[in-house]
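Below, chain A partners chain B and then partners chain C, in two separate complexes.
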Partner chain A sequence: MFKDSVPKYWRLRDVVYRLKYIYCRDCGKSSFPPRSKCPYCGSSNIDHRYSKGNGVVEEYTVMYQSEARYQDYQPIVFGVIRLDEGFRIVAPIVDVDPNSVEEGMRVEATLRRVRVDGSTGLIQYGIKFRPSRR
Partner chain B sequence: MASADNVGILGWGAYIPIYRISSDEIARVWGFDDKIPDSIWVEEKAVGAIDEDTVTMSWEASRYALMRSGIDPSEIGAVFVGTESKPYSVKPTATIVAEALGIPPKKLASDLEFACRAASEAIRISIGLVKSQIAKATLVIGADTAQGAPGDLLEFSASSGAAAYIIGNPNQAAAVIVASNSYITDTPDFWRRDGAPYPEHGEIFTGEPAYFHHIVNAVNGLFEEYGFTPKDFDYAVFHQPNGKFPLQVGAKLGFDREKILPGIVTPYVGNTYNGSALLGLAKVLDIAKEDEWILVAPFGSGAGADAYAIRVTDKIEEKRSLAPTVEELIKRKILISYGEYTKMRGKIRKYER
Partner chain C sequence: MIQQPIVAGFGAVRIDRHFGMSSIDLAVESLKDLESRHTDIDLAPDTVIVSSMHPEIMQEQSGIAGVMADYLDLKGVRVYRVESGEASGLAAVNMAYTLIRSGLSRSTLVIGVEKVTEYPTSMITRAYSLIEDSDYKGFYGVTPAAEAALLAKIYMKRYGYSYQDLYKWPYLMHSTATTNPYAQLKFRLKDTSYEKSPIISDPLRLVDMFPYGDGAACIVVSDGSAVDKRDAVIAIAGVGASSDIVDPFVRSDPVFFDAVKNSFNQAVAMADVNRDQIKYIELHDSFTPYAYIAMESMGLVERGASVRSLSDDLTINGTYVNLSGGLKARGHPWGATGVYQVGEVFRALRGEEQYRSIDPIYAGLAQNMNGPGAQSYTTLLRRVD
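== the complex of A and B ==
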């Protein structure tokens, strides 16, 4: 039924598998997703780096209704997560009772299925987060 | 005593999903005799979440193995995933896992299938690759989201989990594989036809001519070739289709229960198939001390078994705390109902809208 873009998934694999981000050597800020210039100061003097995947929940919401292909994952907790490297990302938080999520909670990256393209298409993987174990 | 292999375990990692279903709940739903869970000694089994599969669990266990190994992913020359629950029929699990771990393209990578024993075959292949210096180090993963048909006895045990090992230079190792042996025949004890969602098993045929015969011969072959006896080992880890079989096969081979119990995982997380014996080994590495010896004997239907003699080194202590232990992962759990389990494991037939 759905046919996601295979080239797009393939091009973004470093970003969705490993949280590749940019670090600006001029203003010292990190940002995600990676791009050719720093979004804060416009500098091209940037490093491409990979996050260790540890962060803190700044805000969150719980989604009880979603489009058909995400319904199996409901309820879905979405968090605004600030990674220890400084940038923020919106991502699902899994392995958790939605009632126990709270702002300030430490989380860590986990690789999970993100999208399954019908019964014959690609299984797309990416980083979600779960409460930190240590 | 000959030293045939002399290849190191640089790091080990385990992964057990957080969700558990109790055997009592399965027995209640299907109307089984409530003595069955005790008779096979399976109390609970781990259930992969709806967004977990062999790729994701392999990644988790491998991350922990890499943390303990102390090596950079670029030093990995081969990635092997032993599994009988590949997310794709055609497309390797190993390439996805390697990419997500940041292991560069200059490597070997493949999925191996030999029921529950494929990852063990990958360890033996790795011994050859490392000894011949074709690979500096390899990543071996045993992972499964094991399938059991609803209402089948197999449903009590078939579970989800993974174990991963970095095999490489013995001088950097937490433990050294000193010697190994294999015993393989054509024995139709358990199978799943192409396209079939659930496996078939030969009922009691899975025991004596399959599990016991192959493990006993693999271990006795190791003993005969290298001069070991059960007294040489501080721990014995066997494949664990349930909690009882490893104790029984250990007794046949002359091992005390006290040497087997530290490596037992299946009563608490179910049979993770390719993860089974390797999770047991990980649990023992979590507690073993320098110069202790471990016997490991994985088994896979079809059928075959391996036996490894492993000596623990002085580096085990510094590596142990770098990742969660198996015991920590066992204790971290959320109990779920049979309904939640069927949803998570895709046992509810839905029609695309």
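== the complex of A and C ==
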């Protein structure tokens, strides 16, 4: 119980490392995480695509009380990020003073350490976002 | 013949950090409370439904319904466990309604139980965070509180409220819970108490979140063969259940809960009561913004108007809400909560002590959800007289 799994994150590699999402060819909307049908219109006529990782912060919060495995990273800034491909994701924003995050800020994806499982020694990496350097 | 399900009795333990009691002990105590409140009914349940969200994690117990029935000395009964996250309690009550109405059961005991405080706080938060989509949001450590904070900011900005405006909810919940014998938090807040309350996820503070506490509550739903007739007889007149896209940020509007609206409308449409006869509501306020969004989603008030429309006597457009103190102050032992909520509505309709100061109520309902409106359940009760 409560241990990280190697097969699980191997299975999820396209999503957690490459931001795989779905694009609906019927209604034109994108969504994340990928699923077999469009959550907006129910169509199965979907493409699996990969995001370029550029987006804008729509809303954010600074979290001070995290669950057990994330306490080394506190406080964590979580943003509701709208990717340029049109879908939203809630993910950490890093390399920034929490006080200087603002709505409308451009951000880009960066591969970072997400957590370390103390009991197995497994280190999980994933996509976080940092202020855009372009 | 279609049976009219009756709530024959209710019992519970005061929600608290019960370090000395297991989930089984809590369930036994709640049943003792039921038996002492309703001395003249013969329970004789043929079915036991246990609602619990995390018995595997918090109590290292699978098949909890069977173990519990055994310790309650019930043999030869049907046992089921219902799990729908933190809405497990009302999901279980809805299942009991269905069993009675179908005629399959004549008397069903619903026990909502949760042992929440078995581990340190950060572990409890981890277990609670499993209500999020684990593979994606859970991966980043997004807690339900962080999600509620994001929704609070969207709500405040859209409708022009400040944090101080929203603080009205926890302030009033603490105030009303002081008279509830089952409430975990029985102290009042001051106008400025939030200033000293630690921020959990900006702008939400500890005062904006339910307290971690253990609890068990039970009701007997019967076909009328077992019922306490000394006071008003209370029937389940309607039930509703509805689901939505789990992630609110994927929905078209994150701060209006369609599942709450739909489950509410289903229950009202099913019941033989008029909408304006529903004068009491126990709603799911795990975090401050959810109380306001739930009131708007149930249509008690137009969108964005609940904060300014809520009166200090806890009425909104003539309907009482959460006189119990709600999840915020009565407490929220996850899978047990829906059963506590039905118990509060039951006690309000019977005009029990805590509810004597308000006019007699004919019909009332409970609303219990998982996460920010990912799934929502409604149970509508009315007096039979």
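One rule holds in what follows: the second predicted complex is superposed on the first by the 129 of 134 C-alpha atoms of A that agree within 3 Å, B and C clash if a C-alpha of one lies under 4 Å from a C-alpha of the other, contacts with A are read in each partner's own complex, and residues count from 1 in each chain.
Criterion: a residue touches a chain if its C-beta (ideal position, glycine included) is under 8 Å from a C-beta of that chain, and two chains touch if they have at least 3 such contacts.
Keep in mind that this is a model prediction, so the values were computed, not measured.
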When chain B and chain C are modelled together on chain A, clash or fit: fit
Which of chain B and chain C A:112 touches, first, second, both or neither: first
First (chain B), second (chain C), both or neither touched by A:90: second
Partner chain in contact with A:66 - chain B first, chain C second, else both or neither: second
Of chain B and chain C, the chain that contacts the larger number of chain A residues: C
Chain B versus chain C as contact partner of A:50, first or second or both or neither: first
First (chain B), second (chain C), both or neither touched by A:33: second
Chain C, chain A and chain B - angle at the middle CA centre, rounded to the nearest 10 degrees: 150
First (chain B), second (chain C), both or neither touched by A:12: second
First (chain B), second (chain C), both or neither touched by A:125: first
Minimum distance between Cα atoms of chain B and chain C in the superposition (Å): 9
Chain B and chain C contact sites that coincide on chain A, given as residue numbers: 1, 68, 73, 114, 128
Of all residues in chain B, those that touch chain A in their complex: 18, 49-53, 55-56, 59-60, 87-88, 96, 99-100, 102, 324, 328, 332, 334, 343, 352-353
Sites on chain C touched by chain A in the complex: 56-57, 120, 122-123, 125-126, 129, 133, 135-137, 139-143, 145-147, 149-150, 153-154, 198-203, 245, 247, 249-250, 252
Of all residues in chain A, those that touch chain B in their complex: 1, 13, 17-18, 50, 68, 72-73, 94-95, 97, 110-114, 118-119, 123, 125, 128, 133-134
In the complex, chain A residues that touch chain C: 1-2, 8, 12, 15-16, 31-33, 39-40, 59-71, 73, 76, 78, 80, 87-92, 114-115, 124, 126, 128
